[in-house]
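Each of the next two complexes has subunit A plus one more chain, namely subunit B in the first and subunit C in the second.
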Partner chain A sequence: MSAEAQAPRALNGQAPDVFTPGGWVPMREYGEEEVDFLIVGTGAGGGTLACKLAEAGFSVVAMDAGAYWRPLEDFASDEHEQGKLYWNDDRIVDGDNPLKLGANNSGKAVGGSTVHYMMVSLRFRPEWFKSRSKLGYGVDWPLDWREMWTYYREVEEALSISGPVTYPWGPKRPRYPYRAHPLNGPARYLVEGAEKLGIQWTETPIATLSAPRGKAHPCVYRGFCMAGCSTNAKQSALNTWLPRALSAGAEIRDLAMAGRIESREGRVTGVHYRREGEWRFQKAKNVVVAGYAVETPRLLLNSASPECPDGLANSSGLVGKNLMVHLNQSVFGRTQDDARFYKAPPSLAVSEHWNYEDAGKDYHGGWCYMPPGPLAASWARLVAGKGLWGQDLLDEMHRYNNAVGLKMVGEVLPYERNQVTLTDQADEYGLPVPRITFSYGENEQAMIRHALGFMDQALDVVGITDRWQNPDETAHLLGTARMGSDPATSVVDADCRSWDIPNLWICDGSVFPTSGGVNPSLTIQAIACRTGDRIAELARRGEL
Partner chain B sequence: MADPYPTYDVLAKRDSASWDDTTRAVVDRRLSLKVPEGVLSDTQLATLRMVKARVCPDPEGRPPTTTLAMVVQRIEEDSTEGFRHHELPRTSDAWRRGLDAIEAEAQLRFGSPFADLDGGQADAVLRSIEDGDVRAPEWESLPPSTFWTWRVIPDLVSCHWSQPSLWSAMGFGGPASPRGYVRIAENRRDPWEALEERSTSPTGWPRHHVR
Partner chain C sequence: MPGLPQPSDKAARLIAGGASLVASSVLADAGIEHYRGSFENRAMVLPLAGSALSILTDTRLALGARASGGTGALAMSVHAANVAIGAAGLGFHVYNILKQPGGFTFGNVFYHAPIAAPAALMVAGTLGATALALGKGASRLGPVPLASGRSLAGFAAFALAGTSAEAAVFHFRGAYHNPFMWVPVVVPPIAALALGKAAVTGTVGRITNPALTATAVLGFAGAAFHAYGVSRNMGGWRNWRQNLIVGPPIPAPPSFTGIAIAGLGALLLMRRFARG
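Moving on, here comes the complex of A and B:
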């Protein structure tokens, strides 16, 4: 169903209560009156920041192009139906390795991509924040890892992350708030393989409950995480940060698509957005863009004005550039066991060995690996990707319950040629359809070779036969409005404040200068927590 | 290969704790879907029916699927999925052009409508599209192997494996809410999961992990 055909739910002083079928919670409304902060996007970045700013006492309106779901009643146990959680709007992909977006990496819902994410919650390796000076590649972040360590902790506690007592890699960290989940079959192959190869592994720190928390029940191991969690065990922005934001007085506008940010004399004044079939204007003292690494640059570019002909915050020319993803290649094979990877959240075990070990690599950067758990249709697409169809495909699908695999999450370097631009085609809102151009470089090819070879070995040593490689998957979107210390080479500063326009902020995956070899949501939320604290501090000092 | 789970039927769990009302409604709707009329010409529809039968055959001994109706619905709605290869037009246009080109290719190679070809001939036409080794001029506005890997395969396969018959045949647990699973380690099975019929016990089974 197109967004235009749906009706908003957060209206008339109430918002959906995500914990109760048919339930509502009170919501403050600001009308068109000028608010302190208008946030575009309510995912890992925007949802977290909405909570922090509302709790700091600012007036906040957070809008999202997607719907406001109640997981308990709106989420079917069905991959196809749950396509409603994805950003399915038209986007054109090109380059040598055109990206598969949609289900694979972009959410459109109140709560953003965290509504259908896989919940793996890993911290960056400290050196990555200074990868240019310490490791010789990419660029340095303007952030210090020690400060990030405390913000990671804040997020881990807010999401009741389940994880191990001690973590094998990196500087000391406290034990995770909730105990680790038991391992499913596919995770146990990873463990046995890592032990045979003499490398370390751990239970994955993961944002699904291993014990009850408030009104949310623990995980029931149903395995439909990517299709949205119908039990609320999954800790997403939808059921963690946003309920907090509402009780602190934030307003959330669902099915509200921002189309253009208005600017005058070097400042932004508000946002034109479409809701209930008409264009409206919301005034704001500050605007935060948090639409993820395609929609954020798209909105900034589409907000060009005579003063800013190349788009807002774009004096560096870098808005939309340096788009990064994560390498997500995998190896699969067959076991004699009954493995059944449809059960439990996939990726219950992980090895970050190659994030922390640099010796013997012929490339820059790191990667980790974990077991995937594709459900029926996802698995069928993967198997068909081998070139199987007809009876061959049907036969191979019969062996689903004996399939196991390993999947990498690998660092992609920033290249200016990988980018988001606007086309002259219009979408359902009349906004320009974005074009996403992406190609691997030699560094990525070398990392893929190493990782596929290593994962193949890790399956071989535990007796997995008939192995095959899926050489072509990517995940996550990062980097199109990078943070930095120099306005000439970055779009925002360490506080996510744009260099060009002091009341325009960007707070989502777009601000990553490098991608690191781990899934990004924990880092996005940690940055948002820090940004919230910094904004409160700047306000205290009269520097907003 | 014979159906390894002949006694397993995902739909038998429909009224159990593995299915909630939301899911029941979604699957019921899917199973009662009819091929929307007036979306494709008769020839296009006959071609699509044959493409579906060759690429995604229904498993033997299982209730029929509504895969074809789902694909036609996609075409009718011109559904987007958040990314479109720069060489391809939108969903509906791509399918219509593609079906016309498949028909033209069949006429050129075998002098017959695609829908009337025998299985081997139809597969030969489809393989030529997959390999990009086509002759019909209709392909000039549609790169055949890109159409195949970015449109034909994902659309058909996604719809086909949204069908309970296919879930049963692969031993997939299917819907699982509110009840999920209790026994999640390898070689452990909850009573509501598929039981595989194996003629011989596989070597090394069951295995015991070190941890």
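Moving on, here comes the complex of A and C:
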């Protein structure tokens, strides 16, 4: 259903209660009155920041183009139906390696992509925050890993992350709030392979509950995570940060698409957005853009004005540039026994060996690997892509229970040529459709070669036969409004505040200067927590 | 009770009652867990059969039946078999953990055959045998002297400590998400310490009786808490067929009650012995 045809739920002083079928919770409403903060996007970045700012006492309106779902009643065990969670608006892709966009990397819902993410919650390797000075590639972040370590902790507690009792890599970290989940079939193969190859592995720190928490049930290991989680075991922005934001007085506007940020005399004044079939204007003292790494630059570029002809916050010319993804290539094969890789959250075990080991690499950066667990239709699409059809495809699907695999999450370097720009084509709201240009460099090709070879070996040593490689998959979107210490080479500062416009902030995956070899949501949320604290601090000092 | 012979010995009946409770806890718990494990190994029925027979003999004794002659010998062999089955189970459970990828890790201890569970059957067997011997008026069980009550006090203290350690491991697995989960990790060890001290010194301290009584109560309260825990899983009690299996084990905590009652039996013996 197009967003235009749906009716918003967060209205008339109440918002859906995500923990009760048909339930409601009270919600403060601000009308069109000027609020302290207007946040565009309610995902990992925006949802977290909405909570932090509301709890710090600011008036907050957070809007999202997506719908406000109640997982217990709105999420079906049906991959097709759950397509309603993905950002499937028109986008044009090009470059040498055009990205596949939608299900695999962008969400459209209150709660953002975290509503259908896979919940893997890894911390950055500390050196990555200074990858230029410590490791000789990419750029340095303006953040210190020790400070990030405390914000990672805040997020891990807020999401009751289930993880191993001790973590084998990196500096000491406190124990995860909840215990790790039992390993599923493919995770056991990862563990055996790692032990045979003599490298370390661990149970994956993951944002789904291994014990009850409040009204949220523990995980039932059915594996529909990517289709949204109908038990609330998954700890998404939708059922963690946003309920807190609401009770602290934030207003959430669902099915509200921001089209343009208004600016005057070097400051932003509010946002034009479309809801219930009409364009409206919300005044705000500060605007935070948190639409993820395609929609954020798109909104900034589309908000160009005579004062800022190249788009807002773009004096460096870097808005939309340095788009990064993660390499997500995989190796699959066949087991003798039933592995049922679609059961339980995928990725219950991980090896970060090649994130922390630099010797013997002919490329920069790191990667980790874990087992994937595609649902039936996705698996059928994947194996059909190998050229299987008709009876061959049916036979392959009969062996679905015997498939296992390993999948990398690999660091992609920032290149200015990989970017988001605007086209002349208009979408259903009349807004310019974005163009996403992406190509791998030499470094990525070398990393892919190494990782595919290594993962193939890790499956071979545990007796997986009929192995084949899926060389062409990416995940996550990062980097199109990078943070930095120099206004000439970055878009925002360490506090996610734009260099050009002091009351315009960007707080989502776009601000990553480098991508690191781990899934990004924990880092996005940690940055949002830090930003929330910094904004409160700046306000106390009268520097907003 | 009509039809039954005179009560042989109050302490023996108390201990038999405790043994019967521990055996019931084993029967229900192993029943659910081994059903979950699809009785993959045929030996997985043994603890069910053993604990069921033990419940029969223990309950008879607890109700005051006199165990002598043939029935007594049969009952004694049931208890001996249960100790043996428990010991074998212990070995199997450890083996089951060690053969998992990664070996002896927290994850495997949490999610594979619970190490200490079969020990509960050994406890049931030992308590049953003790009660039986006392009921017959014997002053020893094999080489172990019974009359002073000190050996039984020591054994019950050890069993309480072990059961508490098991609760500690599994409540850690549940991340102590509910503060009440600390109770079985704190109270039974106090009772175990007091009882252990009594076993060593031969004199019963003041807190021993209240601590054992509290442990007995918390065993039943624990079952109620576990029932609440089951309700917090997806679908709650409506989905009982699944949630009884995945939720916290309702039959497990009453084994605290059983051991604590046997401990109270030991105190009776000790007092009687002290009076001469």
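Everything that follows uses one rule, which is that the second predicted complex is superposed on the first by the 544 of 544 C-alpha atoms of A that agree within 3 Å, B and C clash if a C-alpha of one lies under 4 Å from a C-alpha of the other, contacts with A are read in each partner's own complex, and residues count from 1 in each chain.
Operating definition for what follows: a residue touches a chain if its C-beta (ideal position, glycine included) is under 8 Å from a C-beta of that chain, and two chains touch if they have at least 3 such contacts.
Here the structure is a predicted model, which means the values were calculated and not measured.
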### Task
May I ask you to decide whether A:Pro164 touches subunit B, subunit C, both, or neither, giving the answer as first, second, both or neither?
second
### Message
On the A-aligned overlay, A:Glu192 touches which partner chain: subunit B = first, subunit C = second, or both, or neither?
### Response
both
### Query
For A:Thr231, is the partner it touches subunit B (first), subunit C (second), both, or none of the two (neither)?
both
### Message
Touch test for A:Glu203: subunit B only (first), subunit C only (second), both, or neither?
### Response
second
### Query
Touching A:Pro182, do we find subunit B (first), subunit C (second), both, or neither?
both
### Query
Between subunit B (first) and subunit C (second), which, if any, makes contact with A:Asp74: first, second, both or neither?
first
### Message
With both complexes superposed on chain A, which partner does A:Asn88 reach: first (subunit B), second (subunit C), both or neither?
### Response
first
### Query
With the two structures laid over each other on chain A, which partner does A:Val220 touch: subunit B (first), subunit C (second), both, or neither?
both
### Message
Going by the contact definition given at the top, which residues of subunit A touch subunit B in one complex and subunit C in the other?
### Response
182-183, 188, 191-192, 195, 220, 231
### Query
Which residues of subunit B touch subunit A in the complex?
1, 3-4, 18-20, 22-23, 25-27, 30, 54-57, 59, 79-86, 90, 123, 126, 130, 149, 153-154, 157-162, 166-167, 169-182, 184-189, 193-194, 196, 202-207, 209-211
### Summary
Note: in the complex, subunit A contacts subunit B through residues 73-81, 83, 86-94, 98-103, 106, 182-185, 188-189, 191-192, 195, 219-224, 230-231, 335-340, 342-344, 375-377, 379-381, 384-385, 387, 389-391, 393-395, 397-398, 400-401, 435-436, 463
### Query
Given the complex with subunit A, which residues does subunit C contribute to the contact?
100-102, 106-107, 110-111, 172-175, 177, 229, 232-234, 246
### Task
Could you pull out which subunit A residues touch subunit C in their complex?
160, 164-165, 177-180, 182-183, 188, 191-192, 195, 201, 203, 210-213, 217-218, 220, 231, 233
